[in-house]
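Both complexes shown next keep chain A, but they swap its partner, so chain B is in the first and chain C is in the second.
Take a look at the complex of A and B:
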């Protein structure tokens, strides 16, 4: 059992959710109120990571994060470190790959609210921020959370992109799915089965917690 | 005061947002604490990239090295060509052991190395037939040839000749035996020799040309019959190692340890021909 890989996958998934979900939420909120044609084009662009095979995404990222290309060069000049084959590079790749998973559910949720709700709030004298905080956010919450959970689960399971840009370095880029692959290649089926089992249990647990959280709670209304 | 199962959570007095944010923070905290509680491998232990055909030998040597010096190693396995590509793209490996000396030479020419390379062992090729296969493994591949003629072999495993040294040598051996044209359309290609071996010993393929060094662990032995192929049939499989630019003193220690009599003994016990 490779606890290091396990630890790494959880951290990768955690930071991906932490960084991506707020951005995805704001993007979705903005996109939901855009004219239909503009929305269609931007939505299509944001869905690209879902359509491309992970290996193709990985290849693009491998090339662009290399020290000789813009992204890698900028990173090198800022931190004096290689971006490719590092945890930070993996995190960047993971955020890009997960954009559709985080944006889509949130976008559908914000679209479902409708302009009349916002207009009604404005009529009541609520500011745009207050409308967002007290009305839109609570209504879109389950969509945002679903996006977060999909991102978390997808990051734990991501294989192709990690294989391309990660380089299978213990403690740095060897995630749990790569470790399982490694153990199968090391003829260690018992460890692979154990890790796969733990991963399955964690996934079911994560999804159950989400369903629990998105359930509409009883709320107190003061007379 | 009364309780309602609210249809819409937007009534102004509800504390719904706050409740959700607290729940979210709690669950985030949980996922954050969990990773921290798990043990992590020290990231300053030497990072070694090793051709996958040497995996059992290198683990044994690494264990013995740890016993003697207390230094733990981080090992990444893969096809030599793939590892070479990653080093070319600035992967932070400190020591590279390839199953193909020419790759290491190339790194020297690219001035990615710190000290001259050392050839530590020669590998062999083995033809393998899983238990219950319709043919016998023999050094001249006569069993394979007649099984191919009788159409009894539908899947035959080798490593990827495009970037795995054992795959390139397997192709040469099959060409020397005059079987390449016949076997070409029945090949299943492993990403590296370990995967090809996996295909063959699991019985998923009816056989394969693989590394005997991978058939000597208790995880892989007794899964079928194998025979060593004549070395004259292919270019020598030279396992060559080199210290890369970012290696330090600790890695250097392991580099020297690999050349010790103890390490050479482990290599020979694992199906390699020591050359030092």
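Take a look at the complex of A and C:
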């Protein structure tokens, strides 16, 4: 059992969820009330990471993170280190790859809130922020949570993009799925099976928690 | 603004539907917007609430301007004091009845809020039910929460969008009574959207008949049913006897006018603006037709007498509706209604031979059929 890789995967998944879910939530809220055509175009763009082969996605990211390209250059000028083959690079890639997983369930949830809710809130004199906090978030939270759990589980299992962007540096970019791949390559099936089992257990647990928590269609927020 | 009171609406909308209306509703007055679906009734409410922006026009409430296209003024919905009861009620499903009402009074001092909100719930007969969530309440209770929430806003205008359409008839009548009761305490204009003319007749002071984005007529129900301006209004208020006839005669002193209806001459009070020979559309409500047994003469049977055979009978509880095939082959069938007990006592059945009187003062000419 490669605890280092396991630990790194958990960290990557945690930070991805932490950074991506709030952005996804706000994006989904904004998108839910956009005109149909605009929404369709933006939704399509945000779904690209889902349909693009991970190696292709990884390749684009690898190239754009390179020191010779804008993103890599900016990063180097700010932090004086390379974005490629670093944890930060991996995190950035992970966030981008997970956009559809985080945005889609939240978007469906916000779309599910009838426009009459927002209108009723307006006739009550509620500000936009109050409407979001008191009405929209409690009603959409199950979608937001589902997005978070899917992102978490998907990050743990991501292989292609991670390998392309992060490589396989122990303690830095070697995640659990890459470790499993390595172990299978070196005929250490026992370790691979153990880690695969752990990964499976975490995934099942995460999905079960989601289903349990989202059985209630809304949560209550104190005034 | 006349008197500085009530609400004044003059709006035009080009897209997505064409709408052009102008009307005033005074304080304490209840106006019903009635008409077929897609006529723009709900759109008018949505524009008043500020959910939709008209192409041009003005909306003012009391001394406040909410919308003025010339001044490029548009007050945001949350800054208009509108009490709105949505067709779906639009209650916040995750909040209790009390919390739903509390959301409308969040501007009030915190210490008073719960007491105030409970007061509003009490006013709509929901005392003690404040802790229930909408999914734990009946349709009628939900509607009452929606009304309480709308009133809690202390609105300058109350907008009711088909508020009785989602409940059963018994509840509907009870809720309508409660609205009548509530009205006595309210000094604001109320606009009710409904597709049910009878509901409008029961609740509204005046009815605006809307058709394809235009107000065809705005009047009391009595006026609408006695003198509709055109066939659309006549049909909407439930008049089925709509005909066109030639003006056959006008007496010298201009007291009466005669219409040639088949072979009969129907006499009615003189109406200005129509000449002999002109074809006009006219109508008579079913309560303008008196039914007589042909073999048992009764009072008033000499007033525009018509004879025929009962063709169809529909019994609707206390009222029985009859369709009469008139003896005259050039005349159209007539529709009238009699109390069910009268129909039974007089043994009126399909095939019965009966006489009718068309009350002269109930015959109403809507306009020229030539134009």
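The rule we apply is simple: the second predicted complex is superposed on the first by the 216 of 223 C-alpha atoms of A that agree within 3 Å, B and C clash if a C-alpha of one lies under 4 Å from a C-alpha of the other, contacts with A are read in each partner's own complex, and residues count from 1 in each chain.
By definition in this document, a residue touches a chain if its C-beta (ideal position, glycine included) is under 8 Å from a C-beta of that chain, and two chains touch if they have at least 3 such contacts.
This one's a predicted model, so the numbers in the text were calculated from it and none came from an experiment.
Of the two partner chains placed by the overlay, only chain C lies in contact with A:119; chain B stays clear of it.
Using the contact criterion defined above for the overlaid structures, shared-chain residue A:38 touches neither chain B nor chain C, since it reaches no partner. Of the two partners chain B and chain C, more chain A residues are in touch with B.
Contacts of A:134 after superposition: both chain B and chain C are touched. On chain A, the surface patch touched by chain B in one complex and by chain C in the other comprises residues 134-135, 138-139, 217-220, 223. Note for the complex: chain B touches chain A at residues 1-6, 8-17, 19-20, 23-24, 27-28, 31-32, 34-35, 38-43, 47, 52, 55, 74-78, 86, 89-93, 192, 194-195, 197-198, 201, 214, 217, 219-220.
Every residue of chain A that touches chain B in the complex is listed here, in rising order: 3-4, 6-8, 10-11, 13-14, 17-18, 62, 66-67, 82, 84-86, 133-135, 137-139, 141, 145, 152, 167-172, 174, 182, 184-188, 209, 213, 216-223. Contact residues on chain A toward chain C in their complex (touch as defined above): 114, 116-117, 119-127, 130, 134-135, 138-139, 217-220, 223. Touching chain A in their complex are the following residues of chain C: 49-51, 76-84, 86, 88, 90-95, 99, 102-104, 106-107, 149-150, 153.
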